[in-house]
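Shared between the two complexes below is subunit A, which has subunit B as its partner in the first and subunit C in the second.
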Partner chain A sequence: MAWVNAIIQGILTGGLYALFACGLSLMFGVMKVVNLAHGDLATVAGYIGIGIIAATHMPFLWSVPIVVLAMAVVGYVLQRTLIQAALRRGELTTLIVTFGLSMVIENGLLQFFSANNRGLGVGDNIVTASFSIGSQIQVAWLDVIIFVLAIVVLLGLQYYMSSTKYGRLIRAVADDREAAQLCGADYRHVFGVAAAIAFGTVALAGMAYGMTTVISPTTGTDTILLFAFAAVVIGGLGSLWGTLIGGIILGVAQQIGAQLNISYELLAGYIVFLAVLVIRPQGLTTRRSQS
Partner chain B sequence: MSEAVNDTRPGGAGPLLEVRGLVVHHGQLRALSGISLQVFPGEVYAIIGANGAGKSTLLRTIAGLHSPTAGSIVYDGRDVTGLRPEKRAGAGIAMVPEGRRLFPSLTLEENLKVGATYARKGPWTIERVYDMFPWMKDRRTQRTAQMSGGEQQSVAIGRALVANPRVLLLDELSLGLAPVIVQRIYGMLPQILESGVTVLLVEQDVSQALRVATRLQCLLEGRTTLEGKPSDVTTDQVEAAYFGLAGPAAEGTLHAGPAEGSEA
Partner chain C sequence: MSVVTDATARSEDKLRVTRSRRNVAWTGAGAIVLIVVLGAFPYYVRSGTLAIMVQGLIVLTLASMWNLLAGYAGLVSVGQQAFFGLGAYFLLIPAMHGVSPFAALPIAAVGAGVAALPLWWLLSRLRTGYFAIATWVLASAIMLFIERFQSIGGGTGMPLPGLTGYDPAVLTAYTYWAALAVAVLAIAAVYFLLRGRLGLVLTAIRDDEQAARSSGVKVGLARLLVFVVAAVGCGAAGGILAIDQLQVVPGTSGGVFSVLWTAEMAFAVIIGGIGTIEGPIVGTIVYMVLQQTLQSYNAWYLIILGLVAIAVTLFARRGLWGLLDERFSIRLFPVGYYLWAPGETRRRRRSGTGSADTPAKADVSR
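Moving on, here comes the complex of A and B:
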């Protein structure tokens, strides 16, 4: 029964990982930017949420769309300025620039919020509410809600990419920037829209993470970025549903590892990550030709 | 070398597209050295020349994909030299790029929809493209990567047309296609012209260019070596301009298709 429990918990955690990873995957898939500040953006979103709630005493649920929207705007602006400027100098430059961005964010957060752990005050009933399957498996409602949220976000993204004008343009620009320009599309604007979506999803992930546990200024790089990377690599770079598969595999591996020995949790996740890199470096859902 | 001819304009209207003294560098390499041309409404203006003559560079510069070192591009009486390519597309300059450059992860219809996203008002719609190429309708949900070269070229033309351009730039339509397919694709040209589109095309296949063009210019190593109407130029003149021979070749016939060893 304990193993079933580990698998269920792992799958649910995978939803959160997918939420972290889909923005990372999108930015890589569209503009070939590996955003090393991706995890810190989630932390920033969490802190903005904490700040807004503390300042205005608004209900938590109201703060979510505000934070997501604010981060989407930040994403658009950062893409059009900093990241675009880095892209013009080559794809490697974006690594350095986003790494620098990550440093700036972490130290800025340390300055303003101190190194203490903070949680989003959501109220105990949502965080602790759970239901039982059988006598031994306890499932937290919050984990279920976040998992469902991840599915909804991925479905929404899939719809957006496949059926809307901008989704089509994003795919066209990802395929061939120059040809898209010849069709009248300003690829920098399209990049901005893609970045706005990526930042919006990671903001949502950061808020979700802040509900389940506490965040500190370094959580973004220590935990979130690494898990997001692992999920993206396992699932396949640039693949939307691959991030969910990757997230679930990572989550299940961690929970099974923890079941063996609590100190094996992270180790088990990274062993799977390395195994995928060795056996199927293009990821589980991507064909080699696309990588 | 024949003199650049400034011949009479059809209809007496001003040029729709004018290139003045265009100089373009690729890094250190000078790709175009002072090219000038005027394209009048309703024309089919052909640029011919061997590989590396600068034909594609000229077309890409007109579309805005390269920035000239000197010279200017005037479209519809407006200097567009500094305009970004997407703005030129929006103003009515569409291009079918060399090698088609379709979006491989998009379906046929999505490719056309992207072309129509920033379309001007005009006669061309996706439906009308389907009327011109009836086979497309049944295969609109297919990815274009599996299609034949001729089919891909047709999609690329359709994608440019649905933007309702006033000037259509065609870069090497015949590249990599069987002669019968090339014939069929050029067979669509009258329909395109009828809709009021002016065409500036680049073609390595000289006989094809001579057949469709109202006027033509031959480039050699970034310079104009011949300019005129197809009826006014002789085969010898074209050959001399194409290969850069000092005088007309003694016993030359006009070469159709890419000529080997013409890089000189």
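Moving on, here comes the complex of A and C:
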């Protein structure tokens, strides 16, 4: 029964990891940007949430759209300025710039918020409430909500990218920037919008993480970026639903590892990541020809 | 350090190719004098200053290695802390078995290099951005793996045995000499590697990987060699840190596996000038000055370094040394070639001829 529990918990955690990963995957898919500051930006979103709630005492649910919107604006501006400037100078420049950004954000948070852990005060018993299946399995409502949220976000992204006019424009620009530009699309603006969407998911990821556990300035790199990346690699580079499968596999591996020995939790996740890298470097969901 | 042989040759009518525009015999002599002067530091410098210099030499070694990786081979690794940490542990383990830590330094370096081989096998499947994060994940996984072993300190770390008999001042001097030797060897290794076939191969890959590949250049092998050399250098630097701190502490914040080590080496390289051997040296000096002046302001020096590095990458991508080189056309470590226009002599500097030390002008964008 403990194993069934581990698998159920792992699957639910996988939703959170998919939420971490889809922004990273989207940025790479559209702009070919690997954003090394991805995790730190999620942490920033968490801190903004904590700050807003502490300052205005507004209900938690109200703060979510505000933070998502704020991060979307940050994403658009960052894409139009820093990332666009780096992109123009090449792929290695974007890496160096986003790595620099990551270190600046992390140390900035350390400077202003200290190294202490902080939780996102939801002020509701939904965080602690749970229901039980059988006698031994306890499932937290919060984990279920985050899992559902991840699926809603992925469905939304899927619908937006394939069925709306602007989503198709984003894909057109991602496929062939010059051709799209010849047809009258301003690719920089399109990139900005794509970044805004990606940062919106990043904001949700950061807040969800702040609700399930606590965040500290180093959470972004220690946890969010690395888990997001592991999920992306396991699921397959550039595949949206792959991030969910990758996230679930990572989550299940971690929970099974933790079941063996609590200190194996993270290591087990990385071992699966390495195994996928060895056996199927193109990921589990993509076909070989696409990689 | 190459002696230009045809300095007096008459060359009005034909093109000449030399290593550098200027005669580099002087810089070779200067380097030797500098090493001797630096080597004599323990005799007339306070211990406190020496300790700071040891930190600087560690950063210099790391920066030279990161420069080789990112500046010459296009491999942006943000997981070099893996080899740094492994070096520290490969020094600790022999030391626990009675080997003098100083004698164990080569073991630390070679051990990190050997560990790089299987890691390369995994990493070589990924390119640029994904390569970068994968190195980070690997560094994290290696740390978690090492923390499993309680006999070498587990997650809390371990004091380094074997150095208790030394007088503190003598130990500081020995540590300094070891750090100096590692840094000099690291820079010399990068210099001679790039002067040789590898430098040519890397330039060819950087200019056009497809063309290089189809001309029979073993692209993967060249990258593997760079990756292993960088691991050896970072491992040696990690060994020095263990000797300097008299302990090995894992962990991502403040420990040997902290990503801050990679941040420091990367920022030093970028600010000094990526893709030149001189760049990491200049960058390390800037880094140490900033760190020493801002050290009472906690994390501020890293924030400022990060912002400066971003600005330099975007607006002066060849860094401080690049600015100097553009102005004066100096090369202390010429690894490329200089093409002399017909009739051009050392005295008459023609505007527009520039320098043709191509490998040193590594293009960050590629």
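By definition in this document, the second predicted complex is superposed on the first by the 290 of 291 C-alpha atoms of A that agree within 3 Å, B and C clash if a C-alpha of one lies under 4 Å from a C-alpha of the other, contacts with A are read in each partner's own complex, and residues count from 1 in each chain.
In this text, a residue touches a chain if its C-beta (ideal position, glycine included) is under 8 Å from a C-beta of that chain, and two chains touch if they have at least 3 such contacts.
Just so you know, these numbers come straight off a predicted model, no measurement behind them.
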(request) Using the overlay on subunit A, decide if subunit B and subunit C clash or can fit next to each other. (result) fit
(request) Quick one: classify A:82 as touching subunit B (first), subunit C (second), both or neither. (result) second
(message) In the overlaid three-chain picture, which partner chain does A:244 touch, first (subunit B) or second (subunit C), both, or neither?
(response) neither
(message) In the overlaid three-chain picture, which partner chain does A:107 touch, first (subunit B) or second (subunit C), both, or neither?
(response) second
(request) Return, as a multiple of 10 degrees, the angle whose vertex is the Cα centre of subunit A and whose sides reach the Cα centres of subunit B and subunit C. (result) 80
(message) Under the stated touch criterion, which partner chain does A:96 make contact with: subunit B (first), subunit C (second), both, or neither?
(response) second
(message) With both complexes overlaid on chain A, does A:11 touch subunit B (first), subunit C (second), both or neither?
(response) neither
(request) Classify the contacts of A:37 with the two partner chains as first (subunit B alone), second (subunit C alone), both, or neither. (result) neither
(request) With both structures superposed, pick whichever of subunit B and subunit C touches the larger number of subunit A residues. (result) C
(message) Please give the nearest C-alpha separation between subunit B and subunit C in the three-chain superposition, to the whole Å.
(response) 14
(request) Report the residues of subunit C in contact with subunit A in the complex, numbered from low to high. (result) 70, 74, 76, 78, 122, 125-126, 128-130, 132-134, 136-138, 140-141, 144-145, 147-148, 252-253, 259-260, 263, 266-267, 270, 298-300, 302-303, 305-307, 309-310, 313-314, 317, 363-366
(message) Under the stated contact criterion, what part of subunit A meets subunit C in this complex?
(response) 28, 33-34, 36, 82, 85-86, 89-97, 99-101, 103-104, 107-108, 110-111, 115, 218, 221-222, 225-226, 229-230, 233, 237, 263, 266-267, 270-271, 273-274, 277-278, 281
(request) Could you please specify the touching residues of subunit B with respect to subunit A in the complex? (result) 63-65, 84-86, 89-90, 94-95, 97, 101-106, 110, 113-115, 117-119, 159-160, 163
(request) Give every residue of subunit A touching subunit B within the complex, in rising order. (result) 165, 168-169, 171-172, 174-176, 178-187
